[in-house]
Amino acid sequence: MAEPVTVLEAIELTKRFGKNTVVDGVSLKFPEGRLHAILGPNGAGKTTLFNLLTKDYPVDGGEILLRGERVTRLRPHQISRRGVGRSYQITSVLRELTFFENVWLASYRADHAGAPGLWRDFRAHWATAEKTRQVLAELGLEPFTDRKAADVSYGDQRLLEIAVTLATRPEILLLDEPTSGLSQRESERVKQLILSIKGKFTIIMIEHKMNVVMDISDDVTVMNRGKVIASGSPAQISTDAAVRSAYFGL
Amino acid sequence: MLTLSSIDAYYGQSQALHGVSFDVAEGEILALLGRNGAGKTTTLRAIMGLNRVARGVVRFDGRVISGLPTHKIARAGVTLVPETRDAFSLLSVEENIRLGYRTGSPYTVERLLEMFPIIREFRLKKGGELSGGQQQLMVMARGLAMGPKLLLLDEPSQGLAPIMVNAVAEVLSALRRDRLTVILVEQNLRMALDVADRVVILEDGVAVDALSRAAALADPARVEKHLAVH
Amino acid sequence: MNKNLLALAAVVLLAVVAPMVIPISIANEIIVIAIFAMATNLVIGVAGLYSFGQAMFFGAGAYLTGYSLTAGGLSLVPSILIAIAGAAALAGIVGAVIIRRSGFYFMMLTFAFNQMAFYVVLVWSGVTGGEDGMAGIKRAPVGGLDLNDRSVFYAFCAVLFVASYVILRQIKKSPLGLVLEAAKENPRRMASLGYSVHGAQLAAFMISGAFAGLAGSLYVLLYRFVPIDSISWIMSGNVVFMVVIGGMSSMVGPIMGAAVFVWLQGLFSLLWAQWALLFGLFIIFVVFTLRGGLIELFKRVARIRRAGEAHHG
Amino acid sequence: VAPGFAWAQAAAGDLNIALLSQNSGNFATHGEVVFKGATIALEERGHTILGRKINLLRRDDEGKPAIGVRRLTELVETSQVKFFIGNASSAVGLAESEIAAREKIVQYAGGGSDEFTGARCNPYTFQWSASPYTASSTTLEYVRKAHPNAKRVYTLTVDYAFGHSLLKYTREAAPELGFELAGNDMHPLGERQYTQYFNKALAVKPDVILLLTAGSDFLAAVRQLSSYGLKKVIVAAPWAAELDELKELTPQMRAGLILGLNYHSSINTPVNKAFVAAAAKRYQMLPTYAMAYAYDTFRTIFLAMEKAKSVDSTAVARVMEGMQLDSVHGPTSIDARTHQTNRPYYVCLCKQPDAQKNDQDIADLVFQGDKPQPAALNQCSRT
Amino acid sequence: MNLVAAQIVNGLAIGMLYAVMALGLSIIKGLLNVPNFAHGALFAVGAYVCYTLSTIGAPFAVALIGAFSGAALLGFLIERFGIANLTGGSYLLQVLFLFGTALVIEQILVLIYGTTGVSLVPPAMLGGAMDLGFMFLPRYLVFCALVGAFSIVAVWLLIEKTRIGSSIRAGIERREMVQCLGIDIGTLLTLGFALGAGMAGLAGGIALPLLGANATSGNDMMAIAFVVLVLGGLGSLYGAVAAGILIGVAQSLTTLVAPSASTLLIYVIMTVVLLIGPKGLFGER
């Protein structure tokens, strides 16, 4: 079987805050169509790594290659337009907007490459509206269609966060703790959802819930103190001594 | 020590709690369980005075506290550690904790730094520079520094790596040894049942069940029924 | 849909009735300033960019029209078009420089640019007339219309006013409008969805500049004079306050704000030399009773009526 | 028409005249006093002219050209005003003069700018204030007379049209009187901080500091100059402030100041004496510039109406051109072409604190001159 | 050369006045996140209180304390009965409220004191100028600088070194949480606003002998103070002070080369600084 193509690659990525090096020379390859989990204790630098990959933070050292193209200097929206979508650990849905509007914005971006339209009422962009409803339905969020995001519980906001990210129809999906704050039932739903899209997208996921990680991921990388301490299949990782001491405290 | 009698609470026009009643005895750890949106956080906020209690009464230490402004409730000995990890991002970790400290609290800054070794390492960092998990521990420490008689903990293990969950669990056990009164909101059922004396279950803003730990352990289905799929 | 038509009908009705109940020059000033206020609402209300330099664009439109008509010797329509284009271009340049700054810094930068523009106009008196303003402006006829007739000129402005309302309202409801609303709340999230937030904001800034320029141009034609006040920061402050008093949630709010601001100040100043005291009290009253601005009056009436209907029906 | 705007609608046959002045803002003082002066002129003739009742409409222009133009336009539309007098601010007056010319409304202006009678002269605008040329030369003549040994003059000029024309005329007049211009600084309009200019001025050791600035800028400058406690330097200002505004300074601050003025209550003419008496009777106060301006301009307009036997603005303007009359200044004429009122300019010396008899007794009239603007310097293109 | 030194000394004194004004703004902006558009009116209130107390014979020091207290009291009322009831509303609503309040305060001053402004001659001890050899330095300017410096240090100690100070800084960020720690944030905010307002009043009092006072005389100062505030950087108290002095000196020095540009200059400096460093000279936010 041919080696899958690498779609996203980090080379010696480094990020410093003041004197602290938070991401320290991280090199990683993300092959197409696989689900890659990133584990690590709190403060390991996982979220920061995401922020570098999506250029939410400027990079202090190293390079990012997207399908072989150097994208280290691009701005966040340019990265997104090249097919990288992400969700945030700290929920960042637009609280003053409705569920529909939140998801609509993401769908519209996927449908529409140029500058946003100036004239027609956004609701009258029928095709986009239709897709928006589909995405809401897929996540069981139709009852919330016209609710303001601020008015629902944290858990439901987390689901919306994922809905928005999916609606951009990215090729590479970065999920930062998609199940945090969700009950078992909703966690399970999100897990099924991820399973159902697995293979169609390249997914990179930060996750603490071991059952989720072990059940669905293809590759696992473990970080600690800004460095990669182990990489491999879920089975390999769970027996790795370094991981066991740094992560599980065993 | 704390009694809620038929509490109604609202967000603007929409009602989040419908006649919730339960009580907590001194030195008891009560776990508040329920699905997302069940009203757990709202219950804690209502006790704290952050959400207006439209109907019903909250009594604490024999005194009615519903209707008091939040800072007075806090001074009466109730402390909330929110799920949103409200660190003061411009203050150093130590300043964060000191701001909570009230004279007479058994949890002195020195003692807290011992209880939370990881925080000691970041003492001089700004609160906002910590990772989510680190902030969670710091906010717990800050809450304890007030020397509360009643601690309201909202999902302390949320988003924590196993090693941190263990750290939180250890802190909870320490609190149990100290006989601190705690209301614990938790999604992590195992952890909740490890430390709680009693469980109250909320569903759609209504308290649907209350049972002791023994009962919960003996009949897990009774609890999970409310937490899992409809 | 119905609501849109209703609002449009109300705006048209206002434009028709106004000159019958108040002096036509006041009515005319109100609709001209209302264009300015609506343009400003696009940046402060919709996009959440607190610009305190809007008079820069109003003034640019005013001076460009004044200059084109006098020294430039152009006719009326080209002068207005030049004003619109010039103001939009100025907004583009200023915006490109400062749009990356946010919040209070943005506000102060717009204010600073406004001040600099003011001093340029003040010092460059050979062209602008400096402190004394620019005079000698004539309203040349347009396609057989004698604009020197007050009513004809009013009608001319009213048509542009209604057109501005329709365009700006559509923009507010368009995808761009929604992107701006969303970016106001969380620009980072919008970028991660692939929107160029600065691009959208710059577009809004330029559109707003263009309409402010149009308003400035009409203002000059109305009074056949370019006062230096037209580019002063006080004008910038006033238009922001008009928008807030009127209400930012729709484009009708700024129109009400402009009407009240222009009309009420005139009325109060007839009553008492200390009219500013009355005006200040009025502002405080609005702030405390109608948080969403004057437009809330309508919403409240509608709500009460709906409640009434529900009760009866 | 909404009630507010119908406030002073005329009955048919009444004559509506208007007074636009500043009732709010920095020089709001003028608004009240101007109104008093106008009232005296009206009461003098029982509020009637040629058998018609006169209505005086009063509006606040806030000292802003835009507002002045707006209020005047309203007045023209709603009240058919054909005569008005304006404010001390030239910018406002000049803006209004456009409307005066277009709508054929007689304007009798009182600002300082020489543009009213110069580049922007028109058939309907007249100027009551003296030419800045007259002001500069008269003030310097007095300094020369009172201080024969003074030589070096340092000027501080406000950086806009009015300051520029004062500076231009000072440069014309000073060398003829044997002064040496030792230096000049331009300060921006609205400057609040003057010590840095005085540091610079004092470094060249001038005999005279000549303040070619006006209004609140002038007051701030004098205030800060006084904080140096200088004894030997002469401070003069040809056209800076009227006595009303000087009340803003303490007597110590203004003591010894040499000030050019358009009017002083002690002018010894029959018309002025009667006016001063009327003001004392009606308002228990000594008239100052603002009051005299309103009184004298309206009085002149009424005289012209009587002479023209008409209240038609064009006819009245025709009569005013070249008109000879006895005014508060004594025998006075109005230039037929430029519309400049040919009248004297006055120089006052501010009193020492202990010499003041009451709070209106601020300065003594010490000199007057009436050197007109040389024709070569006038830019009026009317013939 | 001597002239340069003279202008620097002059600029330092004036800059201190700007700094006092801007520090007040900075405290209010930081705490309540509202740009205090009534700061100019409070400046005028301070000046008039100082004037009134002086004319009835109070010593100048007492008049200055009065200027601070009068404006602080007014600030207290504005916060307690105004701003405090507007939280949760839009930011611009609060700005509009302050604008309306400023109009009302100004007009009330006009009603009380009339439209003609007032002046005050400083006490004899502070009058006249010192001959430094290379310049005459008005004694009053020295006094200005000293009082300015003193009040700045006092306020700084209060904010940085006390528990009240860190409560204030925490409250800026998370109101609810600070309340959960048993701190009465409402009172803290009111006191903070009063403190900032008091600084404006104090500046008005100090400036009275230099600038005189009328109802609107604070507005020019307010514009400069806002420029100083952002130039220094939001959230930085040092910034406000340093930028105040910087602006004072820069304005003073431009008089030597291009005096008409001095008003324009401060906006140019501010724009350039903000375009290079988005957070001003020392900004944290």
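Quick notes
Here the chain labels run A, B, C, D and E in written order, and each chain numbers its own residues starting at 1.
Just so it is clear, contacts are C-beta pairs under 8 Å (C-beta built on N, C-alpha and C of every residue); 3 or more make two chains touch, one makes a residue touch a chain.
Source: prediction; values computed, not measured.
By the document's definition of touch, common neighbours of chain C and chain E comprise D.
Following the contact convention of this document, no chain is adjacent to both chain B and chain E.
We define each chain's centre as the mean of its Cα atoms; on that basis chain A and chain D are separated by 74 Å. Chain centres here are Cα means. That of chain C falls 37 Å from that of chain D.
Remark: chain B and chain C have CA centroids separated by 51 Å (rounded to whole angstrom).
The set of chain B residues that touch two or more partner chains is empty.
Residues of chain C in contact with at least two other chains: 119, 123, 274, 276. If you check each pair of chains against the touch rule, the ones that pass are A-B, A-C, B-E, C-D, C-E, D-E.
Only residues 44, 50, 97-98, 100-101, 104-105, 107-109, 111-113, 115-116, 119, 123, 233, 237, 240-241, 244-245, 248, 274, 276-277, 279-284, 287-288, 291 of chain C touch chain E when the two sit together in their complex.
Taken in their complex, chain A has these residues touching chain B: 17, 20, 39-44, 47, 89-90, 151-156, 177, 180-186, 208, 210, 246-249. Taken in their complex, chain A has these residues touching chain C: 54, 56, 75-77, 80-81, 85-86, 88, 92-97, 101, 104-106, 108-109, 112, 115-122, 125, 164, 168.
Residues 170-171, 173-179, 181-182, 185-186, 188-197, 199-200, 203 of chain C touch chain A in their complex. Only residues 25-29, 32, 159, 185-188, 190-193, 195-197, 199-200, 202-203, 216, 219-220, 223-224, 226-230, 244-245, 247-250, 252-253 of chain D touch chain E when the two sit together in their complex.
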